[in-house]
């Protein structure tokens, strides 16, 4: 398994990062030129960018769960202007295509983001986050086919770049939501985002404090993998769009199963925290064992 | 400051010795980038990481490099949960994944200032390697360490010429290490303080130094998922508003960046 | 923590079983009188009963996941008539009150079940399963507030026994669904049922076969606990009904956290597979550490 | 048939010895209910169950009691995944949770019939304790065991007077154990067959016995979550339609209850 076509891009392998789980700019500071020389992903997805800067949620932001992680990061980012001015030039130097993930709480906000990001030559595709459970947007736009359709109907015309819709898993029937995205002109869907979750109250300080500063958060990591596989398979059974499958990918096995279930690309999130080269490790394993794969297929 | 390789390295444990309430895990690392004092590594047991209480640990755990000697990195461990428990079990021949060295370490004292090292509990770890470097350079310094009891105070033997305070009075000064610091700053106000320990101690150090106009470098702890800036999970609030990431903006930060260290105390994991 | 009031029942402690995770009749065969002498739960919830007998799904029915279990059991049961004739007399001999769990794919079916079960003196309460993801009912009745409301409006008048609605976690906003249940006269809600999940294709036989006979299944066990805690807290924040909290309870910690989040009872499912006395172990631990609990509360 | 206590018991491992490709785990259990041949236990390592590949095992694992001697229960283990791997690691002094004995074991041969024991691979385990009982009773019987190679065939030493077949011909009859059975039934049709092994072997035994009208008791395997009828996960289809639960209706079932054993082969976990 080598080059992959995805939304008109030709990628060196099918493994990318999940939005918000790899800060390439910080990583360059930490790892120096090693970062660019061995960049683990075939495309780089930015953290979610919002119109205005956000500081993110108060700590604690992390809680380790059984075979997983609950986070309530709260989408800290410099805002659109800061992203375009400070981050984009740095990200453009990465050796892979750049996908910028954006989120807005109204159609107007989303349009502003998609237009501004989409017109930049450095950006190969736009991913629209309609699913982050950590943030009080009032509504979870992606939780229901009708509201997602309404949003996309307005947003879609505002960029010619490939538009990937990152679906929320916190919904009754994700395939219906994906079908709405397809009908309204999305170029791809990505899933799953984190499952809405809660960490127990922490009893470490004198007063009972929540284990997470924001009370609730999102669950990721191996614990969610069976849910991710079910949702990717359900979406693949319903729509013809390319799918970026993610959620609990730790190694080759999960990556291959998601691809077999219908994903075109897989994304790695939490596993990168354990091993910054996880993406490259998985890509190499996918490349090395096609024989094995055929053997298993008959 | 040394740069880490993007690849975590599978290294062999060469020893694991009890020192009072602590353990010193030694890992063979002759070719690794030399850590600067105050830098840390993310550690994961190569076998059986997971399967402890609540099926944890899952993520790697952060540990200050406590010493770097004879091609070995030393880590000082206190068993406070499933991750530290598993690492405490490792014996010579076992393997660990090591990502590091990470983060920003201690900076030399400003011109004309003498280093005063203040440690509490397992927070003595980064002070050990820092003292090694100060000794190498022949830099004069003072060292004071606080522990909850005599068993923990045995950790002081890992450093040289420490003044010790214990909460229960079983060794040295009966009371808080910050009381020793107060006297020290009284005697020598041209100090630069280097502190690592539990948040209440760091906060006491911070406010004391602020009151006295003494610069302080604090080695912070915070719950970390990645250690290299990827997760945005390890933040602490800054005086200017907003947050800094302990893993990439720290763990050693200038005290005047912070309004208070108390705000961090709720963060898991963050041992005494 | 000792006696608990729940829907007019006085229970010896707050720990019951999750439906379908303990077959008291089989257990009596296996463990003999020990079963009744040390019955681990303060009430017994039956497996889901349907109008007609069901054989259940083809094997394989189990797949072990990271810190959890995926099952596609498919609700095998003797059907209403067989249950009433064969099982009810045996279950009535248990030393605890009996809750019978029922499921139907139409309101008429549910009414028939609720009436027939509710009129039996041996049955203390009826639990209505509107959430089982393993079974093709066409619709998942509990996935949406409106359809659940419509169902309950028809069903509620047909029994005077306490009616517990077992909600599905596979929904956009479980608190809204719980509110619908409350508005339509449910006496309690129970959650979470299993998360819709999929096991990888199995490569053990010569042809690639699904890891589960039925393709998809439901995820339970520690992996789902953070989702359960979030959903229980969300429901408790919205409705005044008593809540049976479950999903990944392994020990005292999770049980206590669910109770603190607003549950009146907790139910144990997958953990019973590991330890048949898990319910009793957890109940004992809850009883023994009230002091500890107060200490942690200030 | 012995009844299990509702309480799983925490027992101490007394030994773990390699026997060719297998290990024999011995567990001290002087006061436990005596298992009948063919019954099984659900085993869980008391420490670190979990944390293997894919964060497994989580659930207990089923193992036939292979022998019961001098206050010890023996289990024959083949390392095929995270659960068996962890159990294979246990050493004297480690502890295991044991729930059992569970299930229905072998029934004595019908009047006038001689027991013929047929085992494949790790499926020899329940035949060992069954042979012990037959020997105690002085009951005449034949024993034939099949293995994939010589290393596995060393398992035959755990029983007495076995005729052995190996797939690779490295020991005994080169070929399938069912070929030995065929000859045996040719010679003595008044047999009652007791078989345990991989599904294809069991299916061959079943159809052979069906053709010859010889009664057979098959010790089935199936992926189990609980072992005591709680989960309905361990089912196999029956001839009459519907399913039986291997844990409570078996593991030993009369062959004529089944249409075929092949249908079970997809079930995890179910080692060769």
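For clarity, chains are labelled A, B, C and D in written order, and residue numbers in each chain start from 1.
Following the convention adopted for this analysis, a contact is a pair of C-beta atoms (placed from the backbone, for glycine too) under 8 Å apart; a residue touches a chain by one contact, two chains touch by 3 or more.
Predicted, not measured: the structure shown is a model, and the values here were computed from it.
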{"item": "Co-neighbours of subunit B and subunit A - touch as defined", "value": "C, D"}
{"item": "Intersection of the contact lists for subunit A and subunit D", "value": "B, C"}
{"item": "Contact-richer chain pair [C-D vs B-C]", "value": "C-D"}
{"item": "Whole-Å gap between the CA centroids of subunit C and subunit D", "value": "34"}
{"item": "CA centroid of subunit B to CA centroid of subunit D, Å", "value": "54"}
{"item": "Centre-of-Cα separation between subunit C and subunit B, whole angstrom", "value": "47"}
{"item": "Junction residues of subunit B, two or more chains touched", "value": "50, 54-55, 58"}
{"item": "Where subunit A touches two or more other chains, by residue", "value": "63, 65-68, 222, 253"}
{"item": "Chain contact topology (line, ring, star, complete or other)", "value": "complete"}
{"item": "List of subunit C residues in touch with subunit B within their complex", "value": "67, 222, 250, 253"}
{"item": "Of all residues in subunit B, those that touch subunit D in their complex", "value": "48-52, 55, 58"}
{"item": "Subunit A-touching residues of subunit C, taken from the complex the two chains share", "value": "63, 65-68, 70, 140, 143-144, 170-173, 195-201, 203, 206-208, 216, 219, 222-227, 229-231, 233, 248, 253, 257, 260-261, 296-298"}
{"item": "Subunit D residues within the subunit C interface of the complex", "value": "3-8, 44, 50, 54-60, 97, 99, 102, 222-226, 228-237, 241-243, 245, 248, 263-268, 270"}
{"item": "Parts of subunit D lying in touch with subunit A, wherever the complex brings them together", "value": "54-55"}
